[in-house]
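Chain lettering (A, B and C) follows the sequence in which the chains are written, and residue indices restart at 1 in each chain.
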Amino acid sequence: MEVRVQNVRKEFDRFPALHDVSLDIRSGELIALLGPSGSGKTTLLRLIAGLETPTAGKVFFGDTDASEKTVQERNIGFVFQHYALFRHMTILENISFGLKVRPRSSRPPAGEIRRRAMELLDLVQLSGLEKRYPNQLSGGQRQRVALARALAIEPAVLLLDEPFGALDAQVRRELRKWLREIHDRTGHTTVFVTHDQEEALELSDRLCVMSQGKIEQVGTPDSVYDHPTSPFVFGFIGESSELPVTVENNELWVGGRAIGVPAGDAQPGEARLFFRPHDVELVEHDASLAGVVSTNRRVGGTRRVELEIGGAGHLVEVDLPFDHPAGEKTRLAFRPRRWKLFPAV
Amino acid sequence: MSTVASTAPRRAWSFRQPSVIPGFGLTLGFTLTYFSLIILIPLIALAVRSAGLGPEGFWKAATDARVLGSLRVSFVTALIAAGVNVVFGTLIAWVLVRYRFPGRRIFDAIIDLPFALPTAVAGIALTAIYAPNGTVGSLFAPLGWRIAYTPAGIVIAMIFIGLPFVVRTIQPILEEVSHEVEEASATLGANRFQTIIHVIFPSLMPAILTGFALAFARAVGEYGSIIFIAGNIPFVSEIAPLLIYIRLQEFNYVGATVIATVMLLISFALLLAINLIQAWSRRRYGYGN
Amino acid sequence: MATKLRAQTKRRHSPTSERRSVQLLLIGIAVAFMAITLVLPLYSVFHEALSKGVGAFFAALGEKDAQAAIRLTLLVAATAVPLNVVFGLAASWAIAKFEFKGKAFLITLIDLPFSVSPVISGLVYVLLFGAGSFLGPFLKSYGIEVLFALPGIVLATIFVTFPFVARELIPLMQDQGTGDEEAALSLGANGWQTFWRVTIPNIKWGLLYGVLLCNARAMGEFGAVAVVSGKIRGQTTTMPLQVEMLYNEYNAAAAFALASMLALLALVTLVLKSVLEWRFGEEIAAGNH
């Protein structure tokens, strides 16, 4: 089922949470809504679910206008950060709940409900725990039950709100892989919210980066990482270093020196240069960015060097292999291999 | 760290864990002494008096027709009152927790009135209201219904004193029921009614049962607010605590002791039941205090 | 835009709430129930108290026996409350700051008086100190009267108000843990200094809250005191007992005048209690109401 969000605006007590957001979600894809807290990603997810009503705009499921439907009628699967399992029901009862509350006309017979619930329990690898209560499971197990419960109603769209946010790092990584597998097997259109860029990059087919109630960029993880369209996205996805530069004669200048980076089609004047700390090359003689090493730390397999560039004391970071001889120096000169130029603010 | 652990003497049983904080002996000693003097020894005196009767004497006194009549009046009215309180107490807790309306905070505060208002004051006030010439009593008098001076009056007084127990037990649990659980239920297709019946009520059940037991226990033992409105006719509207009082006035200590013992045994059984409900719900669901 | 907003909310209420019409209905029922069971009795106390005019009201309060009852009530509360405060502090210190065997059982025991009927709370002291007991005649030979005298009234009052301070402080102090005290001790403070300068400031609002509830009950206790007081007019009648005597003598206006003083006390208690809850909610309770 494809989902179209059309010019949606949402205000909470006149405080705008989403400004005129539009997003097309393709059938069967796994899309991540990524952004810092307060970016509106959860609000967007809840609007798709029908847990919130938009102030303006519409949400379409396929060709039908879902804005007219209640959350119950939308047939969505929603997974909450804190699981939201029914504590007084066994695992099996939790999973069967969505089928049991259907009106008699569309409710499967009891045996069928049970069979389906057991099947799902098997899918989420929790067979044998059907008689337990949520309180008796670990966090990771609870979240898997929550997913099985959401899948039981055969949802048109699966929506997950920070599904791994309450789990510790180890379990998180396991569940991430496992969610990808489940998605590949069941093929549900899936939207998940996360503030963890690594999670979004690893898990999603496409990601939608949000900030301050707006969508900043939508694309595959690679294209967003390689071609960020705004300083925010560049800074938010992956590591980044930023430096104010001047564009003149189709070249970039810092502190009155050309740094050997062509300006492309950028307008002359002030600009902001962005690059990835690991995407640099050290140079000896040519025009380059040169700076004084202010700190120098080994982080696992790389050495992170912080450089002070120019008189204004701008700090940038570059990564070297941890055993690179340049790591010993007090001055370094380098050029970014790939970079992006944005207009000055 | 591990060396400390391994060299520390491992005692099979110790009364308390070591602590750097002083005053354990003093405070626990005072607590136990004070408790013994004020509560324990007097209660033992009661137990000794009743044991002195022997099983036969006790049984004879306990099954005296008027005693049984008063116990029946007390328990039946308390059961009805606790039932009414569970229904309205749950509704009030729901309204106070979930809805916003003008005066909500004032009503929330006034729920505790029965805790703060002396029972004798409540008793005469209720009597004034429900007497045949009172504000409410006069509405029912033309229909031939009497409330004050009948068992119905006892129920009214018991509702008054029991209400806060139900509301105050359910309120915190209801606040704890997360919004997300209700949203989860809605996303799974349950309508509001189904969510309330299948999701919210079951999680309130331990609190409702506890509130019921507390209101019931309080109502059975209540004296001050009831005696004014009850009419106090033996076998009809004479409650057990009043009969204890009457026996004492007659210097019939044996009679008083026997009724008291029976009531105490029942309230301790209730207390045990409340503790079991809470322990069970904590173990099973991880909440419910 | 405002109209558009309203139109949308009208079309669909939040999935985790009820339709406004349902809400209003439920609020209406709850408010009506609270108004009839709680507000009406409170109102009627003051209404009846002033039914014979302000002059009669003050005359009733100025009456010699009424004055004696007020003095006795204040004296009883002034004795019973501090004793229970000391007990509450000691018990909560022992229970919250230390780990020892049987702690949970001790907490249950402290709540025990709540499940004892007030009449029985009085009865146990009659059995302990009355005719036919060992202690009563023994003390009498030294000229000490317990029953039908001040000591008996104080004892019965302590019994019924026994848990109030302790049950407020125990969860609060358990929640606060021992970190602050350990820090103070490590900085060289001794036990008393730690208690007065660290613990007391941490629990002061909770303590005040407990004292408030304890005092309300102490001043208003009726059943237990009725049993032990002997109701000697002008000597062993507390305010609630005086209210009863006046009421039984068909002097309703005077009874309500005195009752209105107790109702005022209840109102002040409720107001202070609410203020404490609103201002210092976190510092009062470890989520226990």
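One rule holds in what follows: a residue touches a chain if its C-beta (ideal position, glycine included) is under 8 Å from a C-beta of that chain, and two chains touch if they have at least 3 such contacts.
Just so we're on the same page, UniProt names per chain: A = Sulfate ABC transporter ATP-binding protein; B = Sulfate transport system permease protein CysT; C = Sulfate transport system permease protein.
Given the structure is predicted, the values throughout are model-derived calculations rather than measurements.
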{"item": "Co-neighbours of chain B and chain A - touch as defined", "value": "C"}
{"item": "Highest C-beta pair count, chain pair", "value": "B-C"}
{"item": "Geometric centre distance via CA averages, chain B-chain A, whole Å", "value": "53"}
{"item": "Whole-Å gap between the CA centroids of chain A and chain C", "value": "55"}
{"item": "Chain centre separation (chain B, chain C; CA means) in Å", "value": "15"}
{"item": "Contacts with two or more other chains, residues of chain C listed in rising order", "value": "15"}
{"item": "Residues within chain A bordering two or more other chains", "value": "51, 71-72"}
{"item": "In chain B, residues with contacts to at least two other chains", "value": "183, 186"}
{"item": "Of all residues in chain C, those that touch chain A in their complex", "value": "4-5, 8-9, 12, 15"}
{"item": "Footprint of chain B on chain C - complex, ascending", "value": "15-18, 23, 26-27, 29-31, 33-34, 36-42, 44-45, 48, 83, 86-87, 89-91, 93-95, 97-101, 106, 108-113, 115-120, 123-128, 130-133, 155, 158-159, 162, 178, 181-182, 185, 190-191, 194-195, 213, 216-217, 219-223, 226-227, 239-241, 243-244, 247, 252, 255-256, 259, 262-263, 265-267, 269-271, 273-274, 278, 287-289"}
{"item": "Chain A residues within the chain B interface of the complex", "value": "49, 51, 71-72, 75-78, 80, 82, 84-89, 97-98, 101-102, 133, 135, 146, 149-150, 152-153"}
{"item": "Chain A partner contacts - residues on chain B that touch it in the complex", "value": "178, 180-181, 183-191, 194, 198-199, 202-203, 205, 284-287"}
{"item": "Residues of chain B touching chain C in the complex", "value": "15-17, 19-24, 26-28, 30-31, 34-35, 38-39, 41-43, 45-46, 49, 88, 91-92, 94-96, 98-99, 101, 103, 105, 107-122, 124-126, 128-129, 134-136, 159-160, 163, 168, 171-172, 179, 182-183, 186, 192, 195, 217, 220-224, 228, 240-242, 244-245, 248, 251, 253, 256-257, 260, 263-264, 267-268, 270-271, 275, 289"}
